[in-house]
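Please find the structures below.
Shared between the two complexes below is subunit A, which pairs with subunit B and subunit C, respectively.
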Partner chain A sequence: MLSMSRRKVGGWFNRSLPFWLILPTILVLLVTQVYPGIYTIWLSLQARQPTGWTFVGGNNYKRLFDMGQFGESVGHTVVFLVGFVVVTLVVGFLFALLLNRKLYFSGLYITLLYIPWVIADIIAGLVWRLLVVPDYGLLSGITQNPLFFPPNGLSILTAVPPRPWLGAFPFPPAPAMIYLIMASAWRALPFITLLLLAAMQTVPSEIVESSRIDGARGWQVVRFILLPLMLPTLVVALFSLTLSGMNGVGMIFSLTNGGPGTSTEVLSYLLYSIGWTQREFGRAAALAMLIAVVNWLLILGTLRVSRVEERGA
Partner chain B sequence: MHQFLIMRRHWERWLLNALLILICMVVLLPVATTLLISFKREEDVVRKPPVLFPCDTPTRAFDPTACRWSLEGYERVLAPKPTGGWPLGFVLTGNMFRVYIPNTLLYATTSSLLVVTLAGMAGYAFSRYRFRGHRLLMSSILAITGVPLLTNLLALYQMGVDLRKAQLPFYDDRLLIIIVYVGFYLPLSVWVAKGFFDAIPRDLEEAAFIDGCSPLDALGRIIIPLAAPGLMSIFLLTFVNVWNEFIAGYLLIAKNEFKPAMFGLYDFLSQNIINFQVIAAACVLIALPTVVLFLFTRRLFFQAMVEGAVKG
Partner chain C sequence: MKRLWSLSTFIVLIALVLTGCVAPAPAGSTPQAGADAGAGVKDFVTWYQYDQNNEDTKSDERVGNEYIRKTIPLFNEAFKGKWNWVNQPKAFDKMGTELITAVQAGGDVPDLMHIGNSDLLAFYQNGTVQDLTEWAQAQPWFKDLDPNSVTACQGPDGKLYCIPVAEAPQLVFVWKDRFPDGYPTTPADFMKQAEALKAKGLYAITFFGSTDYDGEGMSRFFWTAISSFGGKLDDGKGVMTLNTPANVAAIEFIREIVTKGYAPEIVFAGKFQEEEAFKDASAGSFPTGIFGYRYVNPLTAPSGKKYEKKNEEDMLDAIAAGDVTLAPFLAAEGQKPGCNNAVSAFTIPTGAKNVDAAKDYINWIMGAEQNPAWVLGPGGGFPALKSIQSAESFQTPFYKEAAKVVAASNCHPWYGSLERRQEAQKLIVTTIYKLIKEDPSADIATTLTAAEAEYNKGN
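Presenting the complex of A and B:
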């Protein structure tokens, strides 16, 4: 509208101003996001030979699926994601419920609870590792108690995983996996709490009040008023947690390194270990493509939900 | 009855506060433990059973006058060497402060400045103009917002290898990593910036145009000053994100002298795995700048986060 009325005034430069303003952003995104994306597709169809790259078609994918490590890692990823997403959403929702009252110190609580988000994932991993160092860690009294975890004398991060109930699927998870889930949830909680709190505050208080007058008690208000009204935000939170859980790798580096054995080796860590430890870029690119497909499904889902929300509002 | 309700609300409020204080303490326990370990002596770090405060004496469990605090961990990280000269009488010889933290500071500052500039320009254009492809471009940028760095790393690594082979005179890995960080944190920032510009009334510019301002003048004299807090919050968010990023800095930079602080910490971990007070001190030193920055500017942080979160 504005540009229409101004069109006569400016010269050629001013008329094409939006183009020049957006151009640098587009160039940077082409170089850092679009081109590498296409490059990865190409890499996933190649294998490195002494003479250079040669085309091998779907062979990388086939070899990836044939690896025992891959199937195992999918299992670990599913366990990790379910645990991480459920713990973070439930605890985040409870925190948001508590913070959704007008308290004198609300701002202080939110600030304090937000600190874990500002701490880098690799530092967060170390911080949690220091808690369970064998014998000397603050929590080692609990984590080395043979009542809770099968004893092998050292630490929760080296305790042997229990026998899986369902064949190869790694459930119940290894103690190290449970610990990784807790540490990851700890770091993701602030953002999710704030997101849910913001959504909770947009629920009109008249609706909550009138439902109370109609006789709804505590949890009924949550179940029948808050949850349905916050559903789009909850779905967005779910997708964004799955996305970050699927692609986060820093904490694994400093907390477990994929171990003990392979019990915390999720797909993101497997990508690193195939690509940079085994130096198999073709196969790693095939895995990257699979992760990218999941990422894109999650992103499109998020876009769809937020669009529905916008139209509804 | 009324009296009773007020009493009940009072009681509830008190309970809620107590609960929230407890939650804050539990949530911050890991951080507090690390902070305490970083100030302990080696013999207090390796104690069975572990103690939270190194303040016990043979006769008393806690005696605040007998605390054995020490800076041993920090000394090992910083490795100060006395020079007797200007300006402090010593120099820090530890790699962490000589190499890695300056690198991180360079990457975080440069990429945040670039992100703010580019996001400000693009956000303004998206907010104020309608042009062909407007919707398509915006949706593409919104879609890219969610794309994580991980899956692009292999290709970016290969690009880095090719660029190094080409031996361009102006190129080193610092250029690559800065562009990667800019490209990675730009999409969200464009959206946040657009949101901030949308909140500035158009009448202000209309008035400026009538007074004879060109669009670029209006941007520089009216819009940018009004949008400054928003742009500042984008700067801070990007700064903290780049400061905290590990995997790209670790993999995409070949030379150790260009690697960032998070790599320094990882490297440090492999050398000092048994000296917990040293590791804790390194953690505290690297996390401190971002935590302090956050505590002083939290309002701006939350602004950008909420603006970004609403967009997904």
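Presenting the complex of A and C:
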């Protein structure tokens, strides 16, 4: 009788063991992902009064759309994301191509290349800022010299953006935005380069060699052999860059603080500003929800494109 | 064996999860605090932007750091066997939000926090601070407070949510040699002297002109200029009114300064870097808070004389030597020079554990013995207690000159009846920035109307 009930308990335990094993992960996900997500949705529908939270429905979203700064920030975000992702991917790919060749001291180059990645983005931003502080920066003597940037020289951090070509869309961007893209790409470059280099080194040399025997040259090898075979890694790189570009605020905070004016104020910085400086947590939560939706759309879009590409390849 | 292995794995995992759920030790119970406190002695926790452990003599916050370091033993001695002061240093631009979130999340809050009055409304709206009206009115020092400072500590319901200790008005630091005929008193006079300085390759003025820190420039220069033209930003009932003739005239004046090159480009760089142009005397004047004397150093006078102690003494020495003078800002015809007045105060957060200690501390600081040191240290301005204003500590050349300047000015907080101060500040400064720098040809009145409409939609 006893051995039968023991066997029953043992059977139940064995059957439910997988559940118990994944329970800690589920609990961690509930606490760190699900609860904050639900809380943010709730918060986005509330406004704070001295007596406590009050339900305001979609008013936080409405107030967000009423802000002139919101539309501007969307434009800045698009410009920043496109610039950051394209520059980092293209330069990263070129660096990976170079390092993939049998160069002398390539180990040393890779080590040096890795330096920006280990510097905190706040520190990196400060260093880039110190280079071009108007009149007093290390490089401002060059950038503000009319000989190099006619007719009046260029004060990168304070120069106003050119008049937009397409209505209110902030293109061409302000020099500070271009500088911010360069600084952000500089910092992201090591990871992307190494990621692409690793992927490049997994491409079988026989395939590359046989394509050359078949007459493929330079760009053709890259376009028809390397790129298709590296596609899964490129998608990962694209993911990583898009999400870090969309949500990162450290570099902007230390390099431009959203300026000059609002010309480098992207959505993530606006979120910081509304939540942390203006202390309007309801409106900040509404913006956080919108950013989350954009993130999901970007991820879905990237996945979709990569599936189509994979099928095509 | 297999079952035993599975069972042990299961037990270890459950143990790990349960251990992770155990509440962490409260942040305030640092080893230092625990070690210092004897039996029956309770910790009294404060949040200041100053760090008693930072002994860097070149730190920007050296004065406040040193004050806290020296005063902790004095307080602990005065309240021996009762309270043990534990100061937790916080970043000046984040401590307000940290307090609000700590109160809302039911986290650890200090027993007392040093604040500026511009934060008060956010605290009030978020239910972050305690009503101190009854207690304060019963204290002997209450009737001695400057009524303006009391008003700055009141919430919209008329109750007192902070205790004012120091007032920090704005004034203009001036390199005397750059303005041999004295600092201009009218806009026309300013433009004339600015043109003369420009001809010599110099700038008449540097100011906080960027949109940094969500519009910090509002309280530093823009309000000084607007109020000196008789401008106002609200109708007294919480409605923003930007498009007024006086405001338009003030912005036209600032726009002219910028477009004619009377101010250096670093004005727009942010992060307080506009100070650089005053430090090397390339700019002749610098409107900012009275506390600015601590931060603007080292200095090189127009004569080439250097003040290089790299602390607050540089500015005080330059003033004593007559190289730097203090002046009220200019004013439009029929107006008095305007300026912002910030109040430095104490507040007791909702959920504070040791309110009695906080009240003892406030009474201790409001006493004649401790008050001047606090005002000179963390306060960085004039005493809010009228009887202390005549104390010997405030009879130095710097304070005497500053007192004259403030008496000649009309200083009051920029926000008036506007309730969403941080939002208003950012919106107004961004609008002014666009008008003076980004698009100097834009119609000022139209742009101001659009900005006020955007704010008032949220009322």
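Here, the second predicted complex is superposed on the first by the 250 of 313 C-alpha atoms of A that agree within 3 Å, B and C clash if a C-alpha of one lies under 4 Å from a C-alpha of the other, contacts with A are read in each partner's own complex, and residues count from 1 in each chain.
Rule of thumb we're sticking to: contacts are C-beta pairs under 8 Å (C-beta built on N, C-alpha and C of every residue); 3 or more make two chains touch, one makes a residue touch a chain.
Worth saying up front: this structure is predicted, and the values here are computed from it rather than measured.
In the superposed pair of complexes, A:Leu21 makes contact with subunit B and with subunit C alike. Legend: residue contacts after superposition of the two complexes on their common chain; A:Trp276 is shown touching both subunit B and subunit C.
By the touch criterion stated above, A:Asn295 is placed in contact with subunit B alone, subunit C being left untouched. In the superposed model, A:Tyr109 lies in contact with subunit B only, and not with subunit C. Once the two complexes are laid over each other on the shared chain, residue contacts for A:Ser268 go to subunit B alone; subunit C is not touched.
More residues of subunit A are touched by B (comparison of subunit B with subunit C). By the touch criterion defined above, A:Gly250 lies against subunit B but remains apart from subunit C after alignment on the C-alpha atoms of chain A. By the touch criterion defined above, A:Thr51 lies against subunit C but remains apart from subunit B after alignment on the C-alpha atoms of chain A.
In the superposition on chain A, contact is made by A:Tyr136 with both subunit B and subunit C.
Counting contacts by the rule stated earlier, residues 10, 14, 17, 21, 24, 133, 135-136, 275-276, 281 of subunit A appear in both its interface with subunit B and its interface with subunit C. The residues of subunit A lying in touch with subunit C in their complex are 10, 13-14, 17, 20-21, 23-24, 27, 48-52, 63, 66-69, 129, 133-136, 144, 155, 157-158, 160-161, 256-262, 273, 275-281.
Of all residues in subunit C, only 3, 6-7, 9-10, 13-14, 16-17, 93-94, 96-97, 100, 104, 122, 124-127, 155, 210-214, 264-266, 268-271, 273, 276-277, 420, 422-423, 426-427, 430, 433-434, 437-439, 450, 454, 457-458 touch subunit A in the complex they form. Considering their complex, residues 1-3, 6, 9-10, 14, 17-19, 21-22, 24-26, 28-29, 31-33, 35-37, 39-40, 43, 95, 98-99, 101, 103, 105, 109-116, 118-124, 126-128, 130-131, 133, 135-138, 140-141, 186, 189, 191, 194-195, 198, 236, 240, 243-244, 246-247, 249-250, 253-254, 268, 271-272, 275-276, 281, 284-285, 288-289, 291-292, 295, 298-300, 302-303, 305-306 of subunit A touch subunit B.
Those residues of subunit B whose C-beta lies close enough to touch subunit A in the complex are 13, 16-17, 19-21, 23-24, 27-28, 30-31, 33-34, 37, 45-50, 52, 118-119, 121-122, 124-126, 128-131, 137, 139, 141-144, 146-159, 179-180, 182-184, 186-187, 190, 202, 205-206, 209, 214-216, 240, 243-247, 251, 262, 265-266, 269, 276, 279-280, 283, 286-287, 290-291, 294-295, 298, 301-302, 305-306, 309-312.
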